[in-house]
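Take a look at the structures listed below.
You will see subunit A twice below: alongside subunit B first, and alongside subunit C after that.
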Partner chain A sequence: MSGAPTVTQDAVRALEAFIQRSAGHGAALAETGLPTRRVEAWRYTPLRTLADTAWHQAAPLASEAVSTFLDRLPLPENGARMVYGNGRLLEGLSALPEVATQGSENISPLKGMFSATLNAALGEKGLDLRIPAGTDAGLLTLISLSDGDNVSMHLQHRIVLEDGASLTLYDVNAGEGRYIANPRFDIVVGKGAKLRHVKLQRESLTGTHLAIVSANVSEKGEYDSFTLNQGSNLARHEAVVTLGAPHAIVHVNGVQIVDGQRLNDLTSMIHHAAPDGSSRQTVKTVLSDAGQGVFQGKILVDRVAQKTDGYQMNQALLLSEKAQINSKPELEIYADDVKCSHGATVGALDDEQLFYLRSRGVPEAQARDILVRAFLIDALDLVADEALRDLLGRSMAS
Partner chain B sequence: MSDFLKIQGLQARIDADGTPKDILKGLDLEVPKGEIHAIMGPNGSGKSTLSYVLAGRDDYEVTGGSATFKGQDLLALDPEERAALGLFLAFQSPVELPGVNNANFLRTAVNAVRRARGEAELDAVAFLKAVRAETKHLSMSDDMLKRAVNVGFSGGEKKRNEVLQMRLLQPSFAILDETDSGLDIDALRIVAEGVNSLRSPNFSALVITHHQRLLDYIVPDRVHVMAHGRIIHSGGPDIAKTLEKQGYTQFLEAAA
Partner chain C sequence: MPAVTETRETVEKLAKSSYEWGFETDIEMDIAPKGLNEDTVRLISQRKGEPQWMLDWRLKAFRAWLEMEEPTWAHIHYPPIDYQDAHYFAQPKKKPGPKSLEEVDPELLRTYAKLGIPLHEQALLAGVEGAEERLPIAVDAVFDSVSVATTFRKTLAEAGVIFCPISDAIREHPELVQKYLGTVVPVADNFFGALNSAVFTDGSFVYIPEGVRCPMELSTYFRINARNTGQFERTLIIAEDRATVSYLEGCTAPQRDENQLHAAVVELIAMEDASIKYSTVQNWYPGDDEGRGGIYNFVTKRGICRGARSKISWTQVETGSAITWKYPSCVLAGEGSVGEFYSVAVTNNHQQADTGTKMIHLAPNTRSTIIAKTISAGKSDSTYRGLVRMQPKARNARNFTQCDSLLIGDQCGAHTVPYIESRNMTARVEHEATTSKISEDELFYCRSRGLSEEDAVGLIVNGFCREVLKELPMEFAVEAQKLLQISLEGSVG
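And then the complex of A and B:
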C-alpha cells in the first residue's frame, strides 16, 4: 500500500507518537501511514478518530481491575489460561498447556497491512508456543485485558502446531477506557494438525480493536476459526489465511452484533495456494441503532489450486433504518476446476414472523430477540466446541 | 354474557401498492360465550382479513366500527395482550420460523401467556409432560417438537401444530382460519376433535371455512354468510348444507 494516499504525517499526532515509541522500528509504519477512506482496504472503516491522539504505552494493570474483568467475562472453568493486562503477561494468573513448549521464532511480516505494520513497530511479547507433533494440547484461554485512556497495546502471538498436533484457543478480549488493542497472531498449522480459534471481542465501547491473524495451513491441516465481534467503538478482525498444501481445511466464521454508533468489521483473505483445499465462511451481522457493519471477504484461488472447494455466505440483519452494512465479497479464481460459491443477503426482521410470535402471547421485545437469535444460530452452531459455543451464546444474549 | 365477542360496523382496509383498498365494510357479528360460530363466504369476501384484524396484525388499518372482547376494546390492544386475554388465531398458512426450535417456542408462548394471566410459569419438565400429552392426542411425532417451527412441516403437520398451540395456550376464544384447507379426512378429524374437546361454557370459537365438510365434525351453533366485507346472512347450522348444495348466489342476490 506504499504510495497510497494517507493523511499527511505532520497532521497525525497518532502516527508521530507511534513512530517515536517504536525505537527505530517505525520506518514501515511511517511509509504506510494511517489509512484514510481512500485506501481501498479501509474504505468502510475510517480510522480518522484515532489520528489526533498521541497513543502512549499503558501502565501495568492493577490487580483489582483484573479480577473485576475476569468476574464478568464468560470464561470456561477448565483448561489452561494465559492472561495479559495492558500488553503484559500476568504471570500469577497464567500457565501454558502442559504439553506446550516455548517457541523462539519471530513474527513473520505482513507487508502493507496497517494493523500488522502498527503491531510490528510496537510489538509486545505475547504467546509464543509450540505444540509438539501428535499431541493434543486441549483448551487454552487467552485473555487480553486493556484499561486506560489514550493508550495502545500491541501483543504479538506466535502459535505453531507441529504435525498432527491440536489446540483449542479461546481468545477473549475486553477492557475499559479509550484505547487501541492491536493484537497480531502468527499461526502455523502443521500437517494433519488442527487449531480451533474461537474469539470473543468485547472490548470497551469506547475502545478500538485492530486484530490481525495470519495462518498458514499445511497438508490436511485445519484452521477452524470463529469470531464474535460484539464490543469496541471501532473493531476490525482481519484474517489472512493460506491453504499452503493439499487438502487443507479453513473456516473463517463469525458473528457481529453492533449497536449505538459503533462499527465492527470482519475482513478476511482466504488464499488457496494448493490443490484440494476446502474453505468455509459464514458471517452474520446484526445491526441496530446507527451501528455499522463491514464484511470484506476475499477468496483467492491460485492456478495450481485445482479442486478447490470454497463457500462463503454473509448475511446482515438491519434492525433500524439508521443501521448500515457494507459487504464486499470478492472471488479471484485462476484455477479452472474449482467449486466456489458465495452469497450475501441484507434484510430486516420479518413482520409475519414477528406477528406470529406476538399472536402467541410473546411480547414484542422478546419476539424480536427470538428472531435475532434464530438469525444467528446457524452461524453460532459452527463453533464445534460445545462449552465455548455456550459461552459465546451467553455473551450474545447480554 | 351476550357481549363476549362483539363486532359493530367494523371497517378495515389494507394498503395495496400505495392505494388503500377497503376490505371490511361495516361488519356486525356477535359470538356469545360458550358458542361456536362458523363464517362461510366466497374467496375475497374478507374472511381472513377479519381474523387478522381481530388478532391484531398491523398492516390492516381499521377505519371504523368497534370490536370488544370480554368488555375490552380489542382493537386498542397489542397482539400479545389479545393472546393473554384469551384470543387465539389458528393461521391459514402458518409462517415458518427457521432457527426457532418448536418445543422452545411452545414453552416460551405458554409461559408468556401464563405470566400475563398471573399464573406460575411451567418448568421444562412440567411443560414437556403437558406437551407430550397433547401431541399424543393429535397423533404428532416427537420429532415435530425438535424441529424448527413449521420448517419442513407438511400442510397437515402445520395445522396440527396450530391446534397444538391452541390446546396449550387454552384460549377462551379461538378463530380458526380455514384450518381445514389442505387436510385429508383423518387430519380433519384430529383437528376437529382438538376443537371439540375444548368445547365448554367458557370457550367460544369462530370457524372460518369454505367447506361444509369441517362443520360435519365441528357442529356450529350458528353460521354466518360473509360477502363483500359484511355478514349478509346468519342462521342455524343448516345454512351450511344449503350453501354446499346451492352455492352463495341466493344469499348474494338476497343481500343485493
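And then the complex of A and C:
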C-alpha cells in the first residue's frame, strides 16, 4: 500500500521548464513531480541538482563536433550505424541494417516512472525499426551524442524483433557539456527471437543520463543486455523487463566504474509473468574517490510463473575512504515452485591477494589494477559478442 | 498421491484448525473511556501516579505523533485503523495480597494453568505471600497493561538486579528511567513508536549493575486480555559494564473478533563488555481462516551497543498476529561491538508479516550476523526487510546476512528486501538469499525411510529453521517448536 508520493510545489516548479516545453504533454510530469529522496525508487539517487536549471532544447550538433566524438569512441568497424546528435538523426552518417523495416507504432507508456514520464512529455523520434521474422539483422551501432549546456535530449526508440529474428544492438552514449540525456527504449522480442543489447554509457562528466528501457520477451525469446556505466555526473540506467510468455530468457548484466564525485545507478525490474522463465543478473561496481554507486534490482515472480529460475548477484568494490555503495537487491515472489536467489557483497580489495602479488614482485599500483580487472572480468565475460566485449574492455581500461 | 497435493491438503486442514490457545480471562478491569487525546495521556499518567517529567515526556510524544503520518512502505494491507475507537488504559482492580493460592482469583489461576505454568510458580505470580523458592526463571507477568505480580524480586535484588514493571521503575528509580528512556527510540522516532511513548501503560524495566551476570533468565508473559484494549508495552533493559542478561518475551492471547492494535517499544542499552540476549516467541491470535480478528503488531525494537565489545542478540520466532511490522535493530556504537538477529517468521492463512532488522555500524571492528528464515503458507505474505549500514568510521566492520524463504502452496508470497549501504572501504558486507519450496526429493527420501508425510515435512522445516531455533534458550526452544507445529499443523510438522 505504498501511497503516491506527495508532490511538493518545489518539485513541480523544478520541472516547469520541461512542462512549458512539452506543449500540453506536461500534465503527467506535473503530477509526478521531481522525485525526492522520499520516493523509494530514488532514495539513493537525488535529482535535486536538476532543479536549478531551465533546461531547453538543444541546437543541432555541428559536424566537426560529431567527427571528434566518433574518433574518440570505441566503435566497431563493421555493421550498420545510426547516429543521433542532440536528439536529431544525422542522416549522412546513418543507415539501418538492410533487413530492417520502418516500424510505425507508438512508444508504449510506462506509468509512474520519472525517466519515462519525462521522456514521454518531450519525446524526440529515435529508432523505429522492425526486424522481419526469421532474419538476422546482424550488428547495429546506435550512437547518441550530446553537446551543450543546460539542454536536454529525449530520444524515443522502438525496436521490434518479429518471431525468430535476431539483432545485436551496440548502444553508445557520449557527449560534452552540462546536459540531460534521457533516452527511452521500447523493445519487443518475438517468439524465439533474440536481442543482444550492449550499452556503453560514457556521457560528459558533467552530464546527466537518465535512460529507461522496457522490454517484453515472448515465448523462448531472449533479451540479453549488458550496460557499462562509466560516465556522467549522475547516471541511471533503468530496465523493466517482462518475461511475458513461457521459456523466456533474460539477462540484465552490468559494470559500473565510478570516480570523482559522480554517481552511477543501475536499477532493474525483472518481471516473471509466465512459467519456465529464466533470468540472470550480475552487476559489479568499482568505486574510487568520492564516487557513489547504486544498484537496485528487483525480481518479481507472478503466481502463474511457476518453475521460474532467477539468479542475481551484485558486488561492489570500494577503493577509497570516501566511496559509497547503496545496494538493494529485492525478491518479490508469489509462486511456490521456483528457484530464486540473490547474493550481494561489498568490500575492499583483499589484502591477502594483494600481498600474494606483491610478494611476486608486482608493484602495488599494478597489483591493485590486476585485482580490479579480475573483479570485473567475470561480468564483462557475459558479453557474448567478442568484438563488443573487446571494445568495452578497452573503454574500461581508459 | 503426489506430495505437493498432500502438503496442500494438510495446509488446508491447518487453516481450519482453530487457535489452540484462544481463551479469555474474565477479571475485573478498570477501563478508560475510548478515544485518544491529551486528556487520555494525562489520565494514564495520573492513574499510574507518575511524576510531572513523565507526563511532559508523554505529551511531547503525543504532540509529535499528531504531526506524523502512518507509514505505508511495508508490504502489508489492512483497513485504516481508527485510533479513537480503542481504550488506551485497562488495569486489573487491585486487591490485597492473597495468603494462599485458594484466595487467588480462580480465573487467573485457570489462565496460568492453560499457559502451563507450574503451581508453585503460579503462587509466586499471584503474589501469594511467602511463596518464594529458587526457580530458574523470573517471571514478570503482564496481565493486560499492568504487571499483576513480579516474582523473584528479592533473589534478583540480592544480585543488585532491578527487574520490575516500568511504572514501578518510574516511581522507584526515576533517575535511571529519566537517564535512559527514549535514548534508543526517541519519542518522535516513528509513528507507532511515538504512539507508544504517549500512551504506554506498562512493560518491564531491567537494570543489571556493573559486573553482574543476571542469576536467572528473565521472562515476561505478555497477555492481551481485555476486549478492545490496545497494548502499549514499553520495555527498557540496561546492562552496565561487564553485565550479562538473557530476557525472554513470550506471547499467547485469547481469541477475539475485533482487530487489536499492539504497538510496543523495546529499548536495550549495553555498556562496555555487556551482553544482552533478547528472545521472543510471538503467538498472538492471527485471525480466522479469512484473516478476520487477528492482532495488529507494530513493534519498535532497538538496542544500542554503547560500550566497546558489547553485544546485543535478538532472537525471534514469529508465528502469530494478523499483521507483524517489526524490525529489531542494533546500533553498534562501541568499538568491537556485536549485533545479532536470528528470526523465524511463519505466516499462514491471511497473515501478513513484514519483519527484519537494521544493523547500523558506527564504530570500527563491529560485527553483525543476520539469519532470517521465512515460511509462507496459505494465502499469507511474508517479507524480510533489512538494512545493513556501514558508516564512515566503521573500519573493518563485518556483516553476514542470510535470508531463506520457503513457500508452501501457490497462493502465498515471500519477499526479500535488503538494503546495503556502505561508506567504508574496509567494511565487508555479505548477503545471500534464497527462495524455494520443499523439494519432492527431500520428501521422498524421508518417506522412503518410513516417515509419515507430516513428520517428513516437520523434519525438513525444523532443519530449515535449526540455525535460529538453536539460538533460543532451552525452555523457549521447546515452546517455539510447539508453536511451529501448531502454526503449520498438518502441513509442516
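By definition in this document, the second predicted complex is superposed on the first by the 384 of 398 C-alpha atoms of A that agree within 3 Å, B and C clash if a C-alpha of one lies under 4 Å from a C-alpha of the other, contacts with A are read in each partner's own complex, and residues count from 1 in each chain.
Basically, contacts are C-beta pairs under 8 Å (C-beta built on N, C-alpha and C of every residue); 3 or more make two chains touch, one makes a residue touch a chain.
Keep in mind the model is a prediction, meaning the values are calculated, not measured.
Of the two partner chains placed around the shared chain by superposition, subunit B is the only one that A:I377 touches, whereas subunit C remains out of contact.
By the document's definition of touching, neither partner reaches A:G260: not subunit B, not subunit C.
Applying the stated contact rule after C-alpha superposition, one finds that A:P60 touches neither subunit B nor subunit C.
After overlaying the two complexes on the shared chain, residue contacts for A:Q353 are found with subunit B alone; subunit C is out of touch. After overlaying the two complexes on the shared chain, residue contacts for A:E364 are found with subunit B alone; subunit C is out of touch. Of the two partner chains, subunit C is the only one touched by A:N326; subunit B is not. Taking subunit B and subunit C in turn and counting the residues of subunit A each one touches, the greater count comes from C. Residues of subunit A that touch subunit B in their complex: 350-353, 355-364, 366-367, 370-371, 373-378. Interface residues of subunit B facing subunit A in the complex, by the touch rule stated above, are 55-59, 78-80, 82-84, 88-89, 91, 94-95, 97-100, 105, 108-109, 112-113, 116, 148, 165, 169.
In the complex of the two chains, the subunit C residues touching subunit A come out as 72-73, 75-77, 390, 392, 405, 407-437. Partner subunit C is touched in their complex by these residues of subunit A: 1-3, 40, 303, 306, 316, 318-348.
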